[in-house]
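Letters A, B, C and D mark the chains as written, and numbering starts fresh at 1 in each.
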Amino acid sequence: MGDPMRIRAAENNGVVDVKILMKHDMESGQRKDASGKLIPAWFITMVNVKAQGKDVFNAEFGSAVSKDPFLNFKYKGSKGDKLLVSWIDLRGDKRTDEATVS
Amino acid sequence: MNLHRRNLLQFTAIFTLMASAGLITEAQAEEWNKAAFEGKSLDEVFNALGTSTPEKSSLISMNAPDIAENGAVVPVSISSNLKAQQIAILVEKNPSTLAAQFFIPAGTESFVSTRIKMAQTSNVFGLVKADGKWLMTSKEIKVTLGGCGG
Amino acid sequence: MKNKVTHSLAPLLFFYSLIFSQCAYAQGKPDTQFQKMIANSFRTEGIANIDRIAQDETQRFCSNPQASHDAQYQKRVEEIQQLNMANIPAPKDGRYIGDWQKGEVIAQSGRGSTWTDNQQTVNGGGCYNCHQIDQKEIAYGNLGPSLWNYGKLRGYSQEIVIYTWKKIFNPKAFNACSAMPRFGHFKLLTQEQLQDLMALLLDPRSPVNQ
Amino acid sequence: MTPFSFAQTTADEIAKYRAMLADDNPAELYEAAGEELWKKPSGPKKSTLERCNLGLGPGVLNGAAAQLPRYFSDTKKVQDLESRLMTCMYVLQGVPEKEIVNAPMQEGLKKDMDAIVAYVVAQSKGMPIHVSTKHPKEMEAYDLGKKAFFYRAGPMDFACATCHSADDKRIRLQDLPNLTTPAGAAAGWGTWPAYRVSSGQFWTMAMRLTDCYRQQRFPFPIYGSEVLTALSMYMAVNANGGTMETPGLKR
């Protein structure tokens, strides 16, 4: 299971600005280790964000998303909304964290 | 800030169970567009997204630096005046052309910001699907060699 | 195996440091405490052997920040420069100018000689770290002067060619405490690599001279 | 296009790149992990680090990193943040220092240390750097650090000073702080530890200095060694009056 994410979500004029940092190595499958062996690809493939139980954002990542991925998006919502952010990676590892919109 | 972190940690504990139960189901995980992410050229990715070469449009904008100090992390954001259903970021000279794609439900703005890896200086394409049709914008981002190079 | 070598070297190194410390600093005081700190704070890792911490005469002199500024050291500066000048061979095949295209690759590469490299790693010159060279490369450092139009500005005379060879081989022959590594003296670059770098600067066809 | 205007455009674009990155610092992911480690009983003594004294009293973290390195009477040594944390882990948790020293960078106990460092330095963010040289051992460490800073050796003749003792210098496009001046030292010392995007890693000051020595083609500076503390003392004292912007975010 992955490490905790960091989620910031703030409402302004009816729009919630969501910023998410995920802890993940995002191995592209193109890097070599010290002995010259290819490090197998291992990256987050999908991210789902729900607000009050409803999808507000979905992402699919490839190997070219940076290590410790960052996402920023905006949706129409309110203070106090409960956000659930989940990801799954190439090996099927998963992580879900929650935050409350401020 | 600290308060937020504390909250986060509490939630972490509570939601561990939920996470292992999984909010993204295996069935959903299967939907990851393998063909698109394995595309090695713009055309292959366009194809996998179900479009011919999208038309260039001034209604789509990309905010990214002209020069990235480091190719490992290049900030890119895409936004549009149109109501986007889907957004995609493509890097022409990366080993896999498609970097990421996003699905934008009603009520979510036509905007996304993220950070991508670039293997070398390349054209970067921002695609937006609105009203069932893909449109795009592009810009060249220079990747410089950093540090002592060792 | 390598570690054992390291361990046996450490006391020896410390002993050396004690001898050298007599003349190491401007104050002329032996500084055993500093030498002890240096000897105890480093270890061998990969190809970066502990013996690299020992200083030669040039390095010792130039570790005094006043060495190259203060008039009282002028005589010593000249001695150090002569010392470095004394041992600069001309290329064995008599050829000073190699292939500028290979020279550009060497100038771009900052690799080699660190503990994350190995014996097989080809050293680069790391020239762009400190110098502007081909104007097309925008990521250049400014610790050293711009080398753009190097030959075009100075001409391609034998005198300039030989000066440049010596300067790259051992810059301390001209400026005792120059920041530039002694690429030939410490065999950081091969003769062929030096010739290729020479070409980058002094071949009239090199992009540097356009 | 003249070289000057070209260079200016380059500088502007690099500034834009840095500004775009500055927004969200992944170091915060390490801070959260560090807080957990700080409060979790562990080591042979199954105890937390919550009573660790970083100089302002047991458990006081607010502003502590801004006043390090300093002399500690219990160990009779000048210690920087990481060597002091090693003392706490040994005394409070029973973790042998050797195990931390020998752990590979970014792995095992070093990885824990990285996170703890992130947690601690975040609690000095925005505070003035205020490092004392009142104790004779502190002054001595400063002098030793200064000598180490100018110590040239290795196959490339480099010292720290080769790249970090003049204003407005760069390697490639990366600015080099002049660590001999108050402003330069504050820009250098005050922005590390930092998350480094090129490696996707959080780097403590020990890691930062170790990689400097790697690039200098020196042998490996031993973790927690006197030279790292002394160099830290030299930089920190030069940076006095500057502001802690930790954890930083770097190329």
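Note that in this section contacts are C-beta pairs under 8 Å (C-beta built on N, C-alpha and C of every residue); 3 or more make two chains touch, one makes a residue touch a chain.
Bear in mind the structure is a predicted one, so any value in this text is a computation, not a measurement.
Asks: If you tally the C-beta contacts for B-C and for B-D, which one comes out higher?
Replies: Comparing B-C with B-D, the pair joined by more C-beta contacts is B-D.
Asks: How many angstrom lie between the CA centroids of chain B and chain C, rounded to a whole number?
Replies: Chain centres of chain B and chain C, defined by C-alpha means, are spaced 45 Å apart.
Asks: Using CA atom averages as chain centres, what separation in Å is found between chain B and chain D?
Replies: 34
Asks: When the centre of a chain is set as the mean of its C-alpha atoms, what distance in Å lies between chain C and chain D?
Replies: 28
Asks: Between chain A and chain C, tell me the centre distance in angstrom, where each centre is the average of that chain's C-alpha atoms.
Replies: A distance of 47 Å separates the two centres.
Asks: Please output the residue numbers of chain C that touch at least 2 other chains, ranges allowed.
Replies: Residues 114, 116, 128-129, 138-139 of chain C touch two or more partner chains.
Asks: Where in chain B do residues touch at least two different other chains?
Replies: 8-9, 67, 72-73, 115, 144-150
Asks: Two or more other chains in contact with one residue: find those residues in chain A.
Replies: Expected reply: 4, 6, 8, 66-67, 70, 72.
Asks: Which of line, ring, star, complete or other matches the graph of chains that touch?
Replies: Drawn as a graph, the chains match no named shape, so other.
Asks: Judged by the touch rule stated earlier, which pairs of chains are there in contact?
Replies: Those chain pairs which touch are A-B, A-D, B-C, B-D, C-D.
Asks: Residues of chain C touching chain D in their complex?
Replies: Residues 25, 31, 33-34, 37-38, 40-45, 48-50, 52-55, 58-59, 62-65, 113-116, 128-130, 132, 135, 138-143, 146, 148, 172, 179, 181-182, 186, 188 of chain C touch chain D in their complex.
Asks: Enumerate the contact residues on chain D facing chain A in the complex.
Replies: For this pair, the touching residues of chain D are 23-24, 26, 28-29, 32-33, 195, 197, 200.
Asks: Would you tell me which residues of chain B are touching chain A in their complex?
Replies: That would be residues 4, 7-9, 11-12, 14-16, 18-20, 22-24, 26, 28-29, 31-33, 37, 72-74, 77, 91, 94-96, 98-105, 107-109, 111-119 of chain B.
Asks: Which bits of chain B are touching chain D when the two form their complex?
Replies: Residues of chain B touching chain D: 5, 8-9, 63-70, 72-73, 75, 115, 144-150.
Asks: Using the touch definition from the top, list the residues of chain A that touch chain D in their complex.
Replies: Listed in rising order, the residues of chain A that touch chain D are 3-6, 8, 19, 21, 23, 25-26, 66-68, 70, 72.
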